[in-house]
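Okay, so chain A shows up in both of these, paired with chain B first and chain C after.
Right after this comes the complex of A and B.
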């Protein structure tokens, strides 16, 4: 009954998981009724579940959440991000990850034992790396290089997309990123902070990969995007 | 009942325009126009706050900067902060902060830059409307949108959203300017200023007028935000 009302009020888009999604603004009532639970980006006020931020409301069973569409990157524990070394200190590296608060990579978190005096040979100022957020404290972010696929990124180039579009670039179970990798033959790493690193055999394929990623990042609501990308690759 | 110089009805606003996502380099941005008054707002952050001594380890802070661009008024405005722009920046900050909860972003700042491209009275209210949309666009968690409009009093009669000609009305009691801002869909006001004289019993009528105006503004803001998603 309640769901029918929503159907009439909003133009809904079926997401790939079959859940309903539509755009909400802060303070807007997403659903009414006791049956729903407010998730991320939503809150309960009396009988209603209300959006806490601008984005796409998604109803997954009883859970209501709002998926952000824009805005700065908010770091979370466990995220893999791409950063650039801005300073080498006596016990680690200071890394720019394009997020609020500075990120620090302690020497003990490098995958192999390093002597203090070979630190800047391993990672110097300006070097690009992919790292995992190990903890977030009031002072800032702590990074680690211990994990698969983490470490210094050599060659290629990096560019930025909006961090809220990263899940789209990766696709369901990595379907989108795998497709782009296959079609361009490039090595691609997407950081949750919206930095993308691309390295291919030649510049043309690298640029093609970048164009493909920017094309995907541009599209917000189109369904079956992976299929659309297949067509895009045939055309380009 | 005095006739308004603009020919509008007492509770009739100027035509409004709003657009979101006008500044690609900002985390969130918006334009809001009341007739010939055009305000743009850009939001950056949450990002690290400098100078460091202003950092608050318990919460993020909001920092608003409002300014008229030098070509926005008929007589060139000298660029840079003034007593007026500092005051408006501060009241805008106070008007916006009740809907924000920045405790999730300690030691950070959210910068809001408001610039007036063209001024025809009501610039602070247009700025607040633009900033509210820009904050939403930047994905900042907020309780609700803020809507803002000014009520003018020409001689003894109220006039919603006065323009520059009406602000220079000088017959009888002259002009009184009352800019207000409220949280959309509630009775909570976050800004109320008064420049001039008004009998206390008229305030109720002022608030009623603003409620009506803010409903219209809210619809414009909501539409603009939803429009950016195809």
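Right after this comes the complex of A and C.
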């Protein structure tokens, strides 16, 4: 699907800052010469700077970086993620966040005091929560629920998109997500790991919100998508 | 991660949506996904086909081998169906010894083909009791977005219809680089297919996407073919723990001919 779009888009597009962006595959030479520095998603091999990932290459001054278009979620400290409880242990919950390694939410991080024997009443296996990544250690991720809007998610539903598309869904200063929220009247939370939680008043608006988000996630290479979404909402 | 189960929220939402007769992709509960068939995917296989059904993609290949017959059927050729659930196809598939799904899938397809009598196994005998042809059908899912068994059944039938015998060398060994014009001894009119009905709450649905398949509580796979204008159920297997009610099974059996004809309408275009 992505390949088709690349052809349609004629390979080069311009970013908001006026920098050229184009699609690269791993191993592809982005630029040659000593003048450039490899940034995220790129590395230097001899004279050339080559891509480490499939994505959009961007040259910003001397810096070369690749904005990934696919791949698994790489957890970072401070990210708000949505996860699913897979196990309740004696001192916390094990949470699946679609990342390598498991995430752990200690009982002390729950927003109110809980007895050991009522842990699974608050969060049982299969329940969904939004949480912030507190720390990343060698063996796993520690989560916390202390923060605004964090905690168990009730009602609505969850679906997944590719984590690399999350910035597109949110848009510049949240413009895209605000638009979708306004047009559908749904409550939407997007985790940095690509899990999306949608809760609306009725089924139809929820289905519409999901369609809109999946539409945006599909169109990675189009600029000015927020304006296009306005049109999309008029048509649908 | 090994846990790829559905969240409680999504399962509840899907149940209430199904109760209202709705699906995320806009289909009705019993609507099938469209599919397309492509032949000649592998040039080393004696027959091969790729099926794309929604986002589900599957490749089936047929290889021929000369072997000895089983002692209890000296006058019949052999049929072997195997599947390899590649980890690239789904986050649920892992590398390692075959698990439940990887064993169930080829068995369902094997029974569907064998019991329908699609291949005339008696015509695969070279020397009775000593030498027979072995037909090996291999299934490779490229992407699993639900309804893998149903897509595999179409792919396997297409690959078998497409298959030819390899040429034999003078010493009786197979020359895999030369294909003959001789097709497999198939019964022309018999085209078996499987239909898997899924159940969530009180709702039956067909052709799920991945999350619907993850949410389902029960499923039943039926192999069906048509002989002299009459529909035959050749095989049946129920999976998962929740039981089906009698009315539900009756409803499924009533629906089967209609769904079979619906698939055959598209499939016939590719079989010509």
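In this text, the second predicted complex is superposed on the first by the 219 of 236 C-alpha atoms of A that agree within 3 Å, B and C clash if a C-alpha of one lies under 4 Å from a C-alpha of the other, contacts with A are read in each partner's own complex, and residues count from 1 in each chain.
Everything that follows uses one rule, which is that contacts are C-beta pairs under 8 Å (C-beta built on N, C-alpha and C of every residue); 3 or more make two chains touch, one makes a residue touch a chain.
No experiment lies behind these values; they were computed from the predicted model shown.
Aligning the shared chain A places chain B and chain C in steric conflict. In the superposition on chain A, A:231 makes contact with neither chain B nor chain C. Once the two complexes are overlaid on the shared chain, A:26 sits against chain B while remaining clear of chain C. In the superposition on chain A, contact of A:157 is made with chain C only, not with chain B. In the superposition on chain A, contact is made by A:102 with both chain B and chain C. Contacts of A:74 after superposition on the shared chain: chain B is touched, whereas chain C is not. Once the two complexes are overlaid on the shared chain, A:128 sits against chain C while remaining clear of chain B. Comparing the two interfaces of chain A, the one with chain B and the one with chain C have residues 102 in common.
Looking at the complex, you find that chain A touches chain C at residues 84, 86, 96, 98, 102, 124, 126-128, 153-159, 197, 203, 206-207, 210. For chain A in complex with chain B, the touching residues are 23, 25-28, 41, 52-56, 68-72, 74, 100-102, 138-139, 164, 220-221. Chain B makes touch with chain A in their complex at residues 21, 27-28, 44-48, 57, 60, 99, 104-108, 136-145, 183-185, 221-222, 225-226, 229-230. Per the touch definition, chain C reaches chain A in the complex via residues 1, 3, 5-14, 16-17, 20, 22, 24, 211.
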